[in-house]
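So the structure is just underneath, and the comments pick up after that.
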Amino acid sequence: MNFDIRELIYIILALPLIFSAVSATNFLGKDVLHWLNRLVATGVGAAIIALLLTFDADIPFAGQYIYLDALSMWMLIIIGTLYFAFAWTSKAYLDRDTNKRYGYLRRFGYLEGRFYALSHIFVWIMLLVVLVNNLGLMWVTIEATTLVSALLVAFKFTRNSLEATWKYVMVCTVGICLALLGTIIVYYIQLNTMGSENALNWLYLYEHSKMMDPAMAKFALCFLFVGYGTKIGLAPMHSWLPDAYSEAPALTSGLLSGSLCSCAVYVLIRNIIILMPSIGIDFISGLCLFFGLFTIAVAVPFVVVQRDIKRMLAYSSMENFGLMMAAFGLFVPVAAQAMLLNLFNHALVKFSLFYMAGTVIGEYGTKNMMRIHGMMVQVPRSATFLLLGIVALLGMPPFGIFFSKFYMLYGFFISDHPWLGVLTLVLLAGMLIGILYHVMRMLGGRPKRKAAGELFGFIDSLVIAGLLIFGFVVSAGLGEITILNHLLNNAAKIVLGGVA
Amino acid sequence: MDFMVTSLLVYLLGTVTLVWPKKAELAAHYFGMLCSIVASGMVVYSSLKYLLSAGSRWLVDLSWGQYSLQADGWSGAFLLLTGVAGVIISIYALDYGKGYLGSRIRALGGLWNLFLLSIVLVLISGDAFTFIISWEIMALVSFMLVNHESEKKKTVSAAYQYMVMTHIGTAAIMVAFYLVGSSAESFSFVDMAQNSLYGYMKDAAFVFAFAGFALKSGLMPLHIWLPNAHPAAPSHVSALMSGVMLKVALYGFGRFAFQFIGMDVFWYGLIVMIMGLVSAFLGVLYATMEVDMKRILAYSSVENMGIIFSAFGCGMVLYSMQFPMLSVVAFTAALVHAVSHSLMKGLLFMSAGCVMHATGSKNIEHMGGLAKKMPYTALFTLIGSMALSSMPFTSGLVGEWLTLQSFITLSQQAGSPEMRLLVVFAFILLGLTGATALGCFVRMYGIAFLGRARTHIVEKAHEMPFFMLAGLGLEAVLIVLIGVMPDLLVNLMQKVVSGTGITPMGNPLGIMWGGSGYYALYSPALIFILFVFIGVFVVASVYRSSTFQTKNVTWNCGTVPTSRQQYSATGFSKPLRRAFDGILNPKRRTTYLRKEHAYFGRKLHYELSIPDLFNDKLYKPLQQMLINSSSSFHRIQEGSVSIYIGYTMVAMIVVLIWGVLL
Amino acid sequence: MEYIMTSIGLSLVQGFVLLLIAPLVAGIINKVKARLQKRQGASIFQEYFDICKWWKKATILTPYTGVIFVLAPVVYFMTSFMAATMVPGFLTGQFSLGDAFIFVYILALGRFFMTLSSMDAATSFGGMGGSREIYISVLVEPAVMLAILINSIRYHSTTLSAMVIDYNEAFFTVSAVLACVAFFLVMLAENSRLPVDNPDTHLELTMIHECMTLEYSGKLLSLIHLGSYLKIVVFLALFGALYVPVEIPLALKVLLGAVLIGIVETLNNKMRLFKVRVYLGAAIVLLLLAIIAE
Amino acid sequence: MDYLVVFLVLVVFLQTRVTDLKRAVICLASQSVIIAIACFVIGFSHGNDIHAVMPGVLTIIVKVIFIPGAVYRLVKKLKNEREIVSASNVNYSTMAAALFLVMGYALVERLMPGAAGRDIVASSILMIMTGLSLMVLRKRAIIQICGLITLENGIYLLGLLMTEGLPLVVELGVFLDVLIAVVVLVILTSRMRLSFMTTDTSVMKKLKG
């Protein structure tokens, strides 16, 4: 049976919503939920693949509220992959976190239902973010992701998670309010220049983006940048990020870091595409470069001196997104393409790493890396996968991030910012110094305390290995996989908005 | 090329051992090693092809667009070196690796193949991207190999240090590639050769490239990882790292110097030369002070890489002074010494492995009299030590001699006093290096293999199994062959460097300088023949009437000499330590354990440590600075939500102001 | 080809000749010293007698020693002999087996084995001698290198036969004289004479070379002595041929050099081991000046 | 209209001075009432269709009835809790508010010189900044929530003035979000009271570095 694009999109949007509603109601038992959850995610994944096959990257699909072009297709692939991985690892994770000895969640009754309901609606809203065509709705959905994920972050309702959530909601909402202001200003510009019909419609604005009034546009951009930048976690608006990531359940952290930040980047880029022609790229690239590099610079010291494994990972994703913003700010095609590729790679790797971190925490009952030694001896499989993941994260071949990082950095040099490129490389070396130090401490040496046994199951290793290999294949063989290559080229064109 | 690709596939086949079933570990080990032997043999074969067709260049595009392979004379030389080392060391590892039964031996075998594979890939990669990928994989795999015995804390920290340093080096190399590549059409070496770099960008490219490759080849002060990583790794791994991996750095630097950046700027070569000389001398000096066998060898690698790079730099200087014909000598010297060093360092690391295998210790202070326990190992080690202290009839002297000749060549062209001073400086350092190297290896060999056993660990020492000895023996034979008949190798390398080999009056190693008709000659074969010829007579006349007799132990003023009366390694190098106190500044600590009485029955415990100069003065402070600054930086994240919102407001205002101003 | 053959033959003959006169030169040095010390002294042929005596005697080995110990003297002797065949100026023509560096490294081979043998006997004296020998050699080496460098700069070659002083052009220059003095200092150190080493005591505090040979006797001892005498002669010949800027026959130079050594050894006494640094530093500085002045 | 502005400014200033939680909530409610009235005024000033009434109605439902109600119920649970701040702090925030007002006027002059509703634009800017300052300066969760709502109100008012109301869908979405936000915050606060025994957010400083 073959659907057309619209039906596929409806399927994609319908399934998670229905499932979350179902699992929110208290009917079904655990196992049914687990299987349903996998089924739904797989279905959505399949739908996305079908969409990818039917969708032609050159012809964007525009509905009344739905808009699908190469960029959003790319985002769909990212979210879909993570969704799939999430569904297939969630059972093991929940069992682990509810086990008698170490689990955080053992106190709660009926937690699968709640967890699945929240997670799936969370994913659903993210799917919505990349599918809507209205800047205002984009804002609404982003804010909604904040609120839903807040409940996920607070899922354990421990003191720490409450604190983290409070900061998360407060800081993010303030930021998002600024973004709302920016959106309002954009609408104001639109009113003054084009009148009120199809208001805030992205496509419409994109077509008429030349007509905007530069001064106000710049004014709007400031608010939008800071607002969505808060959501992306650009320093100095990043302060909520490490808390939220470290306190959320491991899978949620993976989704937050992998897909939510990517969605924020996506929305910011969508807005910037609109404002770019009227403002001109100098100011924008200045903003992106400065805040991007500043974010990396802020992340480094917190990684070098760090005890909490998940906080370390959180800062490393700050570093990645800083690098991506900087690469976006270069406005050269190579860098833009590599930046999108890195969105993908980073999402995969970071999801697997957060999951590994959850495993390690389950095995040793602590987040404190200083208390973990000799994993190679005690839990060889987790240790191997952790090492692989970290190596992948640090951007070494043959894993995916290497390829995207290589070309992002190359962008610095062909857009004559060579010294910024050198600076970035220095900062990345700093990241490596920090992360590798902690990980080696955990892997090597003689074990000091007893581990709860190898919690890293077979399916888990399949999924994680699959993620890593998928990233490698897509990045290394991009030249060969024409459909993705084509998609990525178009997405990069859209990102650059016809500038370079 | 297809043959080369086949060898790569064989290596890949060898990595199967990673997922080999745990029951048949030994089979996995043998399988992996055999694969690496076969593949390396194929590499040797195909490398000869490229060597003989020196200068020819052709590309093979793998089906995936951006990856391309190529091979020419320059890479052929290093492929040869890699293949030979690969074959021999793998043969050695057939027996040596058994020591790791039950401790991840499968990973060892698989990573071993991967390591060789990545090295070969680096050597035949045809564009910067492929180069960097294979380079990084090489670094990664060697890191994992160094980290193999990860239960030991020292190993872990050494591996960490190695990874950090090599990553920084890679970053520098990447910058260099970016700079060159961004001024060329594409990253493929052919296009990069026609780059349009100029001015300070070119200088920057050179500096970054040199920094990166110098770090990988362990030149001072970037050597810091080397003396820690080599002892931490399993012996055959450290043999390969020191024998081949360091040379690969030379290969990369050669690419930059010959093709991308050019050597027409005087101070490029100057920097290379001076850095090489300094690290040659300091390296061998530290080697002479060490008591850990593998650390001695590691520091000696620093020394030899220093010599190689100094010769290379000398060549660059000559080239920049418009004497391309003369620079051939220097580049040939660099290549020849690279080959011979890979042979002899491989040999000695392997024999260090044998000694560890036999005694379970690396500390030569605990050894002595091993020659009687393991005669063959002792013989081969003697040859290796002779080679490393560049004695005649070994390959060591060939490279050393060519290096000296290249510096003489430079001195011929040195008109101005400052150039004269430079040459004098070079020769003083070279002389010091040569003599100190002799002292170093006399010390190592003498303390470990001669005299009497210092501790009981020597008692249970035994001769090595066949394959290990075979590995040692092959290396030793090659060393002596090259030492006695260097013509073939030298001419080959000369052809690699330049089409024309300069061989006056039938003398293989004659070198002609521009202008005058004099030659510098070295005909080791003749010397060897005479030496043996007359030596046989002397020996015959000495041993004809066997008048040797062993009556009693040595006269020791009436007492029986104990083995503790021998000179210890530390004592042996004492005069040198005194001579170079200023550089080494050793830390001495004397603690009196029992001193109730001023003279009798007082025990004192004397402890001497020679910290690495750069580690103390440069790296430790840097590390401290990094950590302190980071922990002080944590104050911006103190956990108060109002302050966080404050940050957002501040950012907002800053951006607004920026927006208004711009 | 037969040119090579004849030249090799000639150099071998030269080697044997030098070998024959070597003990005589040593005897002369001792005679001079004795005279200057107001002693009658042994006859100048005494060394021949000694060597024959040792040759007849049996060789006593200690149980700790190995192959190296009995091999080392032969290698040492052979290296001196090969050096003797390379010395220019007597019989050898343009051709030579190796250049100055090879000359140095062949002698180094002898040092290598002697030092090893010193450690093979497993006594404290041997080790002491070995370590001091290494120390001295490390300090000497740069000076030797510079000495080679200066002549190679002057005559555009490192071949010994080409580095011989060329009397057709101005040879009595400042740099030549400086180099001459410097090389004399170096020569004393190389042959372990006073003031660096004391060849004719067996006081363990002062001696270096003697320490290493302490365990030897019989044939091996005679080989070692022969080798060291030969070495002195070789160096004297080299000194005369390459560095003495006076136009007199080489044999005379050798003789005068021997006398000079005798005088110097009488006038000086052994300096402290760690003073040798300063001594050779002086030599290096002289050579440096010479090179700059060249 | 001008009366509204006067009342609005007064309420905001009052908000900077109250330390009792109940009164704070009441301030919030009254503020929202004024906003609602403003909505109607503006709405009817441009044509009277559903879009003109909609915002006001929504405002009354959500911001006047629901949000203060929810918060009020929460406050009643919290026995004898009041913002403990020194008088100087209060004065500071008031002065800050005054400063913000001045700033607002300056900005208005800058951006839209001679606009009709300059007072009300200025006062909306005043609300935004005051909301932020409340969130920064005060410690009690409730007051911070009030600050958040104030901020949101300010932005909403500003949007209303500049664009006569956002498109309808967006409008609904925004209200929905505010609704959820308040729900989430209320849940969090009650949880906080359970596990921290207080709603003083300054105790939450464990996560750092």
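As written, the chains take the letters A, B, C and D, and residue 1 is the first residue of each chain.
We adopt the following convention: a residue touches a chain if its C-beta (ideal position, glycine included) is under 8 Å from a C-beta of that chain, and two chains touch if they have at least 3 such contacts.
Computed from a predicted model, the values in this text were never measured in an experiment.
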item	value
Busiest interface, counted in C-beta pairs	B-C
Subunit B and subunit C, separation of their C-alpha mean positions in angstrom	35
Subunit A and subunit B, separation of their C-alpha mean positions in angstrom	44
For subunit A paired with subunit C, centre-to-centre distance based on mean C-alpha positions, whole Å	78
Rounded Å distance between subunit A and subunit D, as computed from the means of their C-alpha atoms	32
In subunit D, residues with contacts to at least two other chains	132, 135, 144, 201, 204, 206-207, 209
Multi-chain contact sites of subunit B, meaning residues that touch two or more partners	634, 637, 639, 641, 643, 645
Chains touching one another, given as label pairs in label order	A-B, A-D, B-C, B-D
Complex contacts: residues of subunit B adjacent to subunit A	63-66, 129, 132-133, 136-137, 139-140, 147, 150-153, 155-157, 159-160, 163-164, 167-168, 171, 174-175, 178-179, 181-182, 201, 204, 626-627, 629-631, 633-634, 636-637, 639, 641, 643-645, 647-648, 650-652, 655-656, 658-659, 662
Touch list for subunit B against partner subunit D, complex	634, 637-643, 645-646, 649
Sites on subunit C touched by subunit B in the complex	8, 12, 57-64, 66-68, 70, 74-75, 77-78, 81-82, 85, 95-99, 101-102, 105-106, 108-109, 111-112, 115-116, 119-124, 126-128, 130-132, 134-135, 137-146, 149, 152-153, 155-159, 162, 215, 218-220, 223, 273-274, 277, 284, 288, 291-292, 294
Complex interface listing, subunit D residues touching subunit A	111, 128, 132, 135, 141, 144, 148, 151-152, 155, 158-159, 162-163, 166-167, 169-170, 173-174, 176-177, 180-181, 184-185, 187-188, 191-192, 195-196, 201, 204, 206-207, 209
List of subunit A residues in touch with subunit B within their complex	163, 166-167, 170-171, 174-175, 178, 218-219, 221-223, 225-226, 229-230, 236-237, 239-240, 242, 282-283, 286-287, 298, 300-302, 304-305, 374, 376-377, 391, 394, 396-398, 402, 406, 409-410, 412-414, 418, 421-422, 425-426, 428-430, 432-433, 436-437, 440-441, 443-446, 476-477, 479-480
